[in-house]
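Labels for the chains are A, B, C, D and E, by order of writing; each one numbers its residues from 1.
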Amino acid sequence: MTPLHHYLIFSALLFSIGLAGALTRRNAILVLIGVEMMLNAANLNFIAFWRYSAHPEALTGVMFVIFSIGIAAAEAAVGLALIIAIYRHYKTTSLEKVDSLKG
Amino acid sequence: MNVAFILIAGLTLGSAIAAMSLRNLVHCALCTVITFAGLAAMYLQLNAQFVGFAQILVYVGAVAILILFAVLLTRNSENQPNTLLASPSWIIGILVAISVSGTIIYAVVKSTRLAQTLPPAPEATVQKIGEQLMTNYVLPLEIVALLLTAAMIGAVIIAMRDKNEKEDSGSKMITGNARERVSQPSTIHHPSSSQKTTR
Amino acid sequence: MAIETTFQPKATLGRTAPGNYTLLPKTPAGAIGGIDGTVLEVAMGPHHPSTHGVFRMDVSLDGETVVKLKPVFGYLHRNHEKIAENTTYLGSVPYTDRLDYLCSMTNNWAYALSVERLAGLQVPERAEYIRVITAELTRLVNHCSLIGFLMQDMGAMGTPLMYAFREREKILDLFESLSGSRMMCNYMRFGGCRCELPSGWIEQAKKVVTSFPEFLDHFEALLSENEILLARTQGVGVLSKELAINASITGPMLRASGVNYDIRKVDKYGIYDRFSFRVPLGEHGDVFDRYMMRVLEMRESLKLLEQALAQIPSGPIIDPKAKLRGFRQKPGEAYARIEGPKGELGFYLISDGSPNPYRYRVRPPSLINLTILEDMCLGQTIADAVIILGSVDIVLGEVDR
Amino acid sequence: MLGTGIIKGMVETARNFVGSYHDPERLTTVQYPEERLAPKENGRSFPFLVFDGNDQQAGLRCVACQICEKECPPQCIYINKSKDKKPDYVGKLQFYPATFDIDISVCMSCQICVEVCPFEAIKMDQVFELSTSDRFGKLLLHKPQLAKPNEYFHQLHPTDANEVDARLGEEKRKAEAKAAAAAAAAAAKLAAPKPAPDEPTKAT
Amino acid sequence: MQSLDQIFVTGKQWLLAFLPEALQPVGSILLVIAAIFGVFATLFAVTTILERKILGRIQNRFGPNRVGPFGFFQPAADGIKMLTKEDIVPRDADKIIHFLAPLALIIPVALALSVLPYGRNMVPVEFDAGLLFFFAVGASTELSVFMAGWSSRNKYSLVGAMRGIAQMISYEVPLVLSTVTVIMIVGSLSLVKIVEAQSGFLFGFLPSWHVFTPWGFAGFFLFMIAATAESNRSPFDLPEAESEIIAGYLTEYSGFKYALFFMGEYWGMFAISGLSVTLFLGGWNAPFPFLQFIPSYIWFFTKLVLIIFTFIWLRGTVPRLRLDQLMSFAWKFLLPLALTNIVVAAIWFFSRALQFPGALGLRWIFCAAILAVSYVWLGRGVAQAQRAKRVYQYAE
């Protein structure tokens, strides 16, 4: 049996990896991947807390994760579309070079 | 502590680190896939079957493919110049990440209110989830549906190529060729008494 | 079109492989374009499954759309014309078989016709009939296999091709019993034909001709109404009437664009004026029209064959004045053309009195029909380019000579 | 309606699928090494040399006139004329080929050598299983490999062979008659005092 | 008869009894894995030879008939040839991904095969959400196509991979939507429950399979078209269109890796055909009551082979579509029809309440009419380009 705090530690590590990536990498796509990873780490917390809760039949955690996955898919689609649009304009995906508001 | 948990956690964290640190973006994206799949395995371990399958379906089947497409569509971003590990942004980023994870882990380890026992496996059948979605969560469901539609349309509009831009390049390419060969047609005159036949 | 004459090797990294060749630099990741709006340059050929031999199309693709296409040929160049200028008049006949190796009979005829024009030979009537019969059978062979290959290019797993070949075999059997060879017939001679028809040949040919329409009906039932085929071919590779005329396209391709031009009707060479047959005309000039032209022409050829097989007279088959050994001509020139299955096939000869022609020139329909390829393919997808090439009906032996 | 054409096509292929099990018209494949097609009389592969009688050296019809060597489009025939002469089938003295080689790796089976030969000496064979691992030696056929008896020619091309035999027999008969006449004349000449000049022989 | 039907189930239990208690779950899993690999590797071999023979007969040829009796050892010969071939990896290829791509295909496909019910009590892994699992792992095969195409560093491979991904993503939508009807009617995602819902006979002799209802027939039709596209079979074999892009994403594969890809594609076809058997053709149920003595797994595999035969037949008949036509077919024809079918299934479901005599016939006719009208209407939209029958003129 795996205790609850192992899942929490694991999700904290995953979150920090995503955070580190999002902070350090310059490529917009990688930043997006980092954000997705943080989101997933949070989802794992929801599931873990649901599983270890006293009243799992309420399905709250599961429901939250289902909605979260749905929204993450939308977020990824819009985010990547934005990245592609930016790339068309600036010919780069490096966030450091995309620094002017005026085209 | 479970062997399967250690294996999955190790694989997931390892691929997550690889995804965030490899130079080739396609490799990063493929490592992300492993991370997502590992998380799905975690969900399955936690008896959340439906969420696990949804995770694979959405993240592996859709988001990962989207990311790969984005990588290919933004070509010269594929190879990043090697940035030095010692550059200030790296140090700051990693410091922030370590401090965040340290805080959370400290809190988790020190916490006494966390459940220490695993309750019996809950019944999270698809039917129950469906019922919940149609009763308690019907409003969020509608909102998510709306959001997804809006996001889809928005993504299509954002990513659509500028019409003028495309027409310019297209016509340039085509007029560069032998279209002008059609000058005055020389005529061939032959007796052509024609006759119609249905085919 | 500028011809690239010098090959400049790309800068190497200075590494040498164990052999004696230098390695080109590695393709960097993402060096292959084509997805992010850049142009993908693909060399289709010379060894590509659907270029009908050794032919190359240098294609530039925007996504899947062709934005530039450069046909490159010459991989099968065999110096045909120069060889013919150093060979006797008779010795060139077997070489003409190898021009368009699907239709050796018509190639023979075109060459024989130009030598006859040069030498003023009279072809006996029976030989003329045999020529018409073999030429129309050749047309059936060619159109049949062309449709098969076109469907193969379209991805039909070889089924139409196999059916077409099954019928083609019957005609090739006829050719074999007549001339001794299935494909390289080497049958016609200036002044007539090489040998008399074997006994029972006419009956056998009649049997083939009468059973052919049934095959065509089934062939069309398989193909002509197939929605996928219609979707793939209609409106694809449109060649306008004006462009077709200006690019001197001939044959079924020209008629698919709606131009009424058939040398059998225009020149009335041989004895084509004795038969009643019609020339089908297309309207849209797309791949479907080119396909239908072939089907309809096969039906007309069958009518022609029926008449010719019924009317064939007896008599000599070669002009007694025609001399095979040591054939020489007084100085002069001649051009003769026929309506080959692929288009106008002409031979131009200049004689200087020696046993060899002084100048020998082929007007190959395949090559000239191929020149318009880029204009038809621009703006279409790569899959269309393949079937447009297939519908042009080329044989590389004739294109490159 | 969408799909009717495809269904029509599928009916067509199903007919062929079923038909190939019982209709020999549809399943025309000949399984080559076990089954063979009967050779056509006009069929041709590579040339061979015809000889009369039993001795392929003495009976060879070829007189090394080298016309085929000149006319051969790919120039795959190599002939060396003999220094001496030997009598041919009519008993006339002729040259014979000291060597007669055909490189069948170059030959394109066009039959032009057969057409131009004035002596009916070269004909087309029908063998085609000539594959060998030796590209140069085994595909260069020499006179002993090329020479085949007249019976073989009869077997391959009976119509043509009968025609040729009739013509040659006629010539032989004429020549013999002429020879007999000449002999009679000579005998008469011997009997008579006045000698008659020898008539020069003419090649046909 | 009961014992014959359950012979594999009892056999497995008998074998497991030899193992100690603790190892029994592991042993059970290993047995199942071995069974799946064994059965489907054999089926793969049989299908390759059958496909070549059937295509040959369709094309009036014999097909392979040299190795063994009627050429039935041809797959073995092919296998040996594949194994002994040189494994060529392009110099510029991304070697790791190039190596992993066939595995990334074969693993999800084998996983997908493990949730199908092959007979009564014969489902390797029973999930409550088996159908969802099937689609989840099915969706991840796209990754392998991408990996193969991208890592080969070949233009044809890349074009093929792009085509493949675009096609698989597009056709996943009608594929999933056409199964929604079954989920609606049965009320479960469990494949075992779906098969059980199709057992029994209407009026005592007609099988109550889903395909014999209007929505079920339409769903089966849509599912099979989408399945053809998902498994890259003709006429949707664009990712491997040999006349256009050589072999698509497989261009740079040779030897064993190619064989693995090949097997993976066939397994994918088996998996998706097996799913259609499960969803629409009554799974392992016998078609008639008097045929019930034949073991259930035989019925499953008979239906599977029939579907595979149809795939081969179709492959022998039709030419290939073009990419844009493929896309418009998915989005403009299959998707609206699938959505209509969902509405029809809902009508069917809620009109169950009608109990007057002849209600079944009325429901049938009403639902079929809706579907037929929308089929004709949508079909006209898709094929509007070739509506006008062409008339050709002749010159004398």
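The rule is simple: a contact is a pair of C-beta atoms (placed from the backbone, for glycine too) under 8 Å apart; a residue touches a chain by one contact, two chains touch by 3 or more.
Computed from a predicted model, the values in this text were never measured in an experiment.
Chains that touch both chain C and chain D: E. The chains that touch both chain B and chain C are E. The chain with its C-alpha centre at the largest distance from the centre of chain C is A.
Of the two chain pairs shown, B-E and D-E, the one joined by more C-beta contacts is B-E. Distances between chain centres, each the mean of the C-alpha atoms, put A farthest from chain D. Chain E has its Cα centroid 34 Å from the Cα centroid of chain A.
Per-chain Cα centroids separate chain A from chain B by 11 Å.
Centre-to-centre separation between chain B and chain D, using Cα means, comes to 75 Å. Work out the mean CA point of chain C and of chain E, and you get 42 Å between them. Across the assembly, chain C contributes 29, 35-37, 159, 163, 166, 222, 226-230, 260, 265, 278, 281, 292, 296 as residues in contact with two or more other chains.
Multi-chain contact residues of chain A (touching two or more other chains) are listed as 87-88. Those residues of chain D in touch with two or more other chains are numbered 2-3, 6, 9, 12-13, 16, 26, 28.
Interface residues of chain E facing chain B in the complex, by the touch rule stated above, are 94, 97, 127-129, 132-133, 135-137, 139-140, 142-143, 146-147, 150, 165, 169, 172, 187-189, 389-396. Listing the residues of chain D that touch chain E in their complex gives 1-3, 6, 9-10, 12-14, 16-17, 19-21, 26-29, 31.
Touching chain B in their complex are the following residues of chain A: 1-10, 12-21, 23-30, 32-34, 36-37, 40, 43-44, 47-48, 50-54, 56-57, 59, 62-63, 65-67, 69-78, 80-85, 87-88, 91-94. Partner chain C is touched in their complex by these residues of chain E: 55, 58-61, 91-92, 94, 153-156, 158-159, 162-163, 234-235, 237-238, 241-246, 315-325, 383, 385-386, 390, 392-396. Residue ranges on chain B touching chain A, taken from their complex, read 1-2, 5, 9, 12-13, 16-17, 19-21, 25, 28-29, 32, 35-36, 39, 42-43, 45-48, 50-51, 54-55, 58-59, 62-63, 66-67, 69-71, 73-74, 76-77, 80, 83, 89-90, 92-94, 96-98, 100-101, 104-105, 108-109, 111, 114-116, 118-119, 122-124, 128-129, 132-133, 136-137, 140-141, 144, 147-148, 150-152, 154-156, 158-159, 161-162.
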